[in-house]
Amino acid sequence: MKVVTFGEIMLRLAPFGNLRFFQESALEATFGGGEANVAVSLSFFGYDAAFVTKVPDNAIGQAAISELRKHGVNTTYIAKGGDRLGIYYLEKGMSVRASNVIYDRANSSISKASEKDFNWHQIFDNVNWFHFTGITPALSDDLANILILALKIAKEKGIKVSCDLNYRKKLWSTEKAKKVMSKLMQYVDVLIANEEDAEKVFGIKAKNADISKGKIERESFVDVAKQLVEKFNFEAVAISLRESISASLNNWGGMLYVKDKAYFSKTHNINILDRVGGGDSFCAGLIYGLNEFKDYQEVIEFAAAASALKQTIEGDFNLTTVDEVKTLIKTDGSGRIQR
Amino acid sequence: MKVVTFGEIMLRLAPFGNLRFFQESALEATFGGGEANVAVSLSFFGYDAAFVTKVPDNAIGQAAISELRKHGVNTTYIAKGGDRLGIYYLEKGMSVRASNVIYDRANSSISKASEKDFNWHQIFDNVNWFHFTGITPALSDDLANILILALKIAKEKGIKVSCDLNYRKKLWSTEKAKKVMSKLMQYVDVLIANEEDAEKVFGIKAKNADISKGKIERESFVDVAKQLVEKFNFEAVAISLRESISASLNNWGGMLYVKDKAYFSKTHNINILDRVGGGDSFCAGLIYGLNEFKDYQEVIEFAAAASALKQTIEGDFNLTTVDEVKTLIKTDGSGRIQR
Amino acid sequence: MKVVTFGEIMLRLAPFGNLRFFQESALEATFGGGEANVAVSLSFFGYDAAFVTKVPDNAIGQAAISELRKHGVNTTYIAKGGDRLGIYYLEKGMSVRASNVIYDRANSSISKASEKDFNWHQIFDNVNWFHFTGITPALSDDLANILILALKIAKEKGIKVSCDLNYRKKLWSTEKAKKVMSKLMQYVDVLIANEEDAEKVFGIKAKNADISKGKIERESFVDVAKQLVEKFNFEAVAISLRESISASLNNWGGMLYVKDKAYFSKTHNINILDRVGGGDSFCAGLIYGLNEFKDYQEVIEFAAAASALKQTIEGDFNLTTVDEVKTLIKTDGSGRIQR
Amino acid sequence: MKVVTFGEIMLRLAPFGNLRFFQESALEATFGGGEANVAVSLSFFGYDAAFVTKVPDNAIGQAAISELRKHGVNTTYIAKGGDRLGIYYLEKGMSVRASNVIYDRANSSISKASEKDFNWHQIFDNVNWFHFTGITPALSDDLANILILALKIAKEKGIKVSCDLNYRKKLWSTEKAKKVMSKLMQYVDVLIANEEDAEKVFGIKAKNADISKGKIERESFVDVAKQLVEKFNFEAVAISLRESISASLNNWGGMLYVKDKAYFSKTHNINILDRVGGGDSFCAGLIYGLNEFKDYQEVIEFAAAASALKQTIEGDFNLTTVDEVKTLIKTDGSGRIQR
Amino acid sequence: MKVVTFGEIMLRLAPFGNLRFFQESALEATFGGGEANVAVSLSFFGYDAAFVTKVPDNAIGQAAISELRKHGVNTTYIAKGGDRLGIYYLEKGMSVRASNVIYDRANSSISKASEKDFNWHQIFDNVNWFHFTGITPALSDDLANILILALKIAKEKGIKVSCDLNYRKKLWSTEKAKKVMSKLMQYVDVLIANEEDAEKVFGIKAKNADISKGKIERESFVDVAKQLVEKFNFEAVAISLRESISASLNNWGGMLYVKDKAYFSKTHNINILDRVGGGDSFCAGLIYGLNEFKDYQEVIEFAAAASALKQTIEGDFNLTTVDEVKTLIKTDGSGRIQR
Amino acid sequence: MKVVTFGEIMLRLAPFGNLRFFQESALEATFGGGEANVAVSLSFFGYDAAFVTKVPDNAIGQAAISELRKHGVNTTYIAKGGDRLGIYYLEKGMSVRASNVIYDRANSSISKASEKDFNWHQIFDNVNWFHFTGITPALSDDLANILILALKIAKEKGIKVSCDLNYRKKLWSTEKAKKVMSKLMQYVDVLIANEEDAEKVFGIKAKNADISKGKIERESFVDVAKQLVEKFNFEAVAISLRESISASLNNWGGMLYVKDKAYFSKTHNINILDRVGGGDSFCAGLIYGLNEFKDYQEVIEFAAAASALKQTIEGDFNLTTVDEVKTLIKTDGSGRIQR
């Protein structure tokens, strides 16, 4: 399987452990970003995954490339130029204290990229799947146009397309998001969202939210998925489901709605080490599952388990193999040592 | 609001993470102490907070001052001289393993301070609130006398006074504590204590402790507060309430007794990162609350939430803003990322 | 009390905290191994504990010796020579992610040791107790023979012998284990095992495992112990009982079967910092308990509490004193600070 | 003495020790910038030093303020707002390998500051000295204009002004630098430069550079200073003199030209720990010297020794007291332990 | 340019900084080995470099691959299997204290590799250069035979071959080395050695070593090279020249003997950060130089400067670009900051 | 050889690398002190070395014992009790910046020890050599008296005694030092001093210090030694000779004066990593040399080389074997890797 993802990779600067910002002078400097995270996870699953972006032609841009390369991602199509790599600062919360993210991503090389930076015909050669998120078109109008171009070529070549809505309020308004994203949806086969994105981007809420509490939540997610399918004619819609008990303890699972039917994964009770990238690893698990398993229940279990594992791993990347995901599904998370 | 606190600041030496003492050769060296912790927390809340103490005139004393200065505390009135900064060694426990503290604070500069080290008329210029704990008078007789002098001047100037009982059995006997603290109580407007201090220092227990288990605890704390008010005529009494399930997991809250009525905060279930300074941040939250909110329920919720946050932060200091405390109260600790 | 243990000590290489293998370049390098861990724990309990092994005559072998010496273990009888110290790589899991162990222990100095490396008459001079595990005879046939020799001399000298079954499937087959271990059992007074060892090594399962779920587990462990005693005529059999809820959360306890009666310890709910060496610290606690307490309930409580504490401590070694174990038993793990 | 400096403070991200960029994932995150460095050094010398800038209203901007505050700098006049704190990445070279700096400072809060962010009449109240560098006007045209405004008010108030030319080719062309800086020079009393700045900014070279090699260098620096004084009517010109033998070993000194006479300091042979901020600490030493010593030789010795010490200290800031500088001058760098 | 190197890659475990073995518990875990080091350096120079070896199919083997991949090395032809990755422990000396290396490389996967692990026809497709060292055939007889097979195919395909003698006394005797290496020399075009290798492996010493001291050393190296060329008909012989003043300070350069003429590089005075891999980076520089420059003086200057830079970089790998090497040659190591 | 040393061991707290005090929050916590350092070094040389002191009965005292035990020192005779372990803070200087030491050793357990804490008859059983320094009697009058008692018993038992003058001006005046030390000298066989101690303690200066510069220094040291021998009838006097070029670069050697003849060692040019403990390792080298070598030149070369090595090792302890010292003497510090 050959997969391509397209978006931004940022330098991620985080205090070690659960320290507050600048409580000590050392920062953990890694790299991440929605579509890059998906590419790394799929590479760990054994896929031929390429990540397309633009980075500055300096040691920071090179370090981002090297890190992707380390994890087996094809970096051949990454353009070089522009002024800077975007940055995000992450303070990992704990218990009653929430995590904090500060973005410093304006004027990044990718946000200033132009059409000629990417040769999509070459990039999509022999490719089976293309994935992007709602962050990419939010970075600049040029990028939104480049994305449309890419999507058209993808569809011409019969490539399956998935999109993670991933609404970021600091990048654009809900109005602009709705306008731009609506245009892109025609090229999308599989839509992925978290509990809130569909409402924020498309204004889609569960229709009858006043029924008895017992089944309300599950029902409402199914209803949202149904509306999305009706409106945009998706093959499948998947929603990740997070219940935050505290910054350290989450219940986590997912739903896949396909062929008029909803499949819910088991709920994982996770002690969180690093929740960033949880949604991205859910996307990667879903893409893998849809391509490898016939049983949709198996698909959503794989996506949920993969992304549960991610949240016990430091950094944006889900450094997890297919075997490890399957073991979790089998053992139910009992965590016995593998000697 | 201008606040002054008076007491000892110590060098705090702790193994990193949950290591045992000297399991590895690196120690985390920070600074802390009851009254200094209150000053830092109030500075984070936006108050003009001065801390008064005496430190040796060397690099260690200077580092303590610099650290306070970093957090915005006014260090102008800190005297310099004497032989040493007190030290405490902290081993952070975990789960079934309790934390350990070893004190090496004898002969510290502050414990040997004399009256002429502090010009209280100048220190208290335009000040609204003065806070101390039961540790300060326990350090030396001279310090107890200096404190009485300070308290007299404070009352002359109409400054509100709060005191955290903070009984330390390694510093003095319950007899001596009772004798000295009883003398000081006439100057105190707001008394703060934990579950055990009132009995240890003043021998005050809940009167009818043999009623049915169900409501016993809440009732007994109210009764203790009532007795304290009756005996010393305090405006308010606050008690922090800690239920230790393990060294990693505590239930935490507080009670404020004022104008013949008791207000209990919500109980926070906390995963503990560092519980030292929990009581001090409760005091700071209370002082802030009493000065800012009219609703006493709001006051005790603020104090409890502020000190819950502290226990998820490394070090003695509560590096938390008013906004963060209010967010916790609103979101009930669900710990969603702040992007 | 003079105790001797005999086996392998390995270099243990682990990523810091909960990082995956080689996620960062730093590794925590410590030392450990079943019998060495027992010796260290007994030294912390105040016993005169000697560890017998063979290490290479280089800086790595010397570091292993120095580390044991640091913890008070008698290293006088450690032979020097051979090619290498065995290594194990440990990745500490968390929550739904299991821990991983990779062994690189082939051709270690101890696995190539010969009879003349150890003078058992001298080693056992004035010794009261000898302990080994099923790992030692699994390392090589020579070592199994050396062990038989040692056991014979131990019995001649009236030394009590304990054995922890500790089956390792990567070292030998169940067939070979059964054959070799059966020969050794005649010298053993106290047998220790975890929930699975007895079945794997001796094929001993609970006889009637189909009774109602409620009491089944406890009953079945008692039945296994009874069968072991019947077959090998042990004085006592102890079984450690671990229920893995996740890699971070375990329920932990133990059973002691002696004089036809079973004693179950309280169950400890542990947040795991490092579970490696849990079984070894259970053995050490048991050896200490059997020698110090008359009440068998007290014995198993001590063993269970000691090994619960271990799992909150980094590294293989249980750096815990008798006082700390007793405090845990008394306070029920509430984890109050020891000031 | 009250001093004000005005300019940019940046987040400085550097690999630990002598590692290459991103060779390991940890970065040392500190803060620095020409004028901030001068303020910190003067604060260590006991002066009342204020630093004026604009930082974003987030945790990164606050950390910059806290760090300055820690070192005693007055941060009252720092404006808050704008989008980001500038960043520079530093790779510390060693021996034959040069250091590398990557700037990511575009669109910083200070570069976008406007006139109304600073109330110079208030800032300059009771101030004796104002210092800036050629970096500040290079950041934006607005900033150059703000600087002219500040300089006018400074001169009205009789404040002495010093300027460090500090030409940065990545910020502006030599043409623009010449045009802007020439306008500013009328307000400057003391000009400071390194060996190359005068030529790059003003095109001033030594007049007769073809005399015999022996004295050529000293003579040529004197000649450059003389021309600067003639052209701009400075009270004094100081030049720092660095001879790079390797990235680890430099010879370092300075020259002060005042009242038609040149004073050269002793040359210090320095093992370099961190050379960034060397020039800034030279400025601070010079400002201190000119205000405290009558003997100009003493002034330049102080400036040279202070900045030699800086280069043995990690980070941009010269954490050195007057006593330490004087001890170096007296002991000639023999480095005996101070017990 | 496509280059292939073939040999062992090991896990390298080193105490941080200049600590002695196990002085602290943290170890820096990186990867390295003669031929891998050459491949990484050539990849940094922009060549398409593949490294061929065999690693165990576990997390340690994978980490070695990932690290090579990070640096752009083609790892497609690395076989997986066998038991373990070889290890070397490195203690970096300083000043009068020498560095120490302890090898634990026996029974590594590569030393047990068999012919079928490598498809040389495929590996050598379109390749221009093949490099190996004397370590590879020393690891096992099978490996020596595999190497002969590879060399034959290389010569058939017209690939240039270079060999670094790299004699290791712990791997084989001088007799065996001579026997095996002599057989391989017929396939070698360019031989590289340090000052001692030629004598140890082939018994070749300078012929008239008793002439006047002044020129003796240079002459004797030329003479050794001449003899090597005469005996084995090499196109070129290069010798790295190290003068150890202390573990921290070395003089370093090289000689290239080609077409009957010797070219000596400038001598670099290096402060050593990590000298391991110095010889390998010399090989890589030489290979690059011979392929890129016509002037042989330029070739040897490049090789010497490249390997001088390596010794200021932590780890086995020379993380240095062509531009950096050229800058060093131009600037003569003065170490000015690159802003 | 059985050796006993007697004195204080302190907790040593130092910033990592060359950081200034409290520049970062981590401190390196190790242990050291003159006589403890000698014991550790002799243990590394293969001697049976016991260290006698008193430490508090808490985790800090125990850690000091464990650290000594790790290095093979006999800790059987260490008394437990008293209030605290002394502390010294060390800031390692570099280049022109000197190191700093801050002592916080008052009221340590050893300074408050009493006669009954030590059973000298038992301690000295079968002992060959006893060593102390001038620090021990300076700590308290009681300790001076205990030392006299120990010395008397030592002489009764025919034990050789060495003393390192080690004058510390912060512990006592030169007057008191002279008075106390003069009394002790009658028991001393071998006196060791640095360049300044003899003058400070006994007022002994070189007699004719105005001869021509060339030989003056060597001659003057010989003269001082001669006077010491004449006055106190020592068997031998040794003086360590340090020339501080900077905090990073020292010339180091020693002189031994015995049987009316002076032996000077070679001078070592040392890059300093950690100079603390240099004098103590010189003492240990001397004690070893006097017991093992007949040639006095060999003795002083050993002492000088051993202590040169120490200064390249972090911490107070000289972690160096006899082989390593001999290799340095043979290879002249060229620092070749030991593979």
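As written, the chain order gives the labels A, B, C, D, E and F, with residue 1 at the start of each chain.
Going forward, contacts are C-beta pairs under 8 Å (C-beta built on N, C-alpha and C of every residue); 3 or more make two chains touch, one makes a residue touch a chain.
Bear in mind the structure is a predicted one, so any value in this text is a computation, not a measurement.
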{"item": "Labels of chains that are neighbours to chain A and to chain F", "value": "B, C, D, E"}
{"item": "Chain whose Cα centroid lies at the greatest distance from that of chain C", "value": "D"}
{"item": "Selected interface, B-E versus B-F, where C-beta contact pairs are more numerous", "value": "B-F"}
{"item": "Chain pair repeating B-D, as identified from A-F, C-D or C-F when over half of the contact pairs by residue number coincide", "value": "C-F"}
{"item": "Whole-Å separation of chain centres (CA-atom averages), chain E against chain F", "value": "44"}
{"item": "Of all residues in chain A, the ones touching two or more other chains", "value": "17, 25, 66-67, 100"}
{"item": "Residue ranges of chain B in contact with chain F within the complex", "value": "13, 16, 21-22, 25-30, 58-60, 63, 66-67, 83-84, 87, 89, 91, 100, 102, 104, 106-107"}
{"item": "Complex interface listing, chain A residues touching chain B", "value": "17-20, 23, 93-101, 103, 168-170, 244-249, 275-276"}
{"item": "Chain E-touching residues of chain A, taken from the complex the two chains share", "value": "66-67, 69-72"}
{"item": "List of chain A residues in touch with chain C within their complex", "value": "17, 268-273, 305, 308-309, 311-315, 319, 324, 327-328, 331, 333-339"}
{"item": "Chain F-facing residues of chain A, complex", "value": "24-25"}
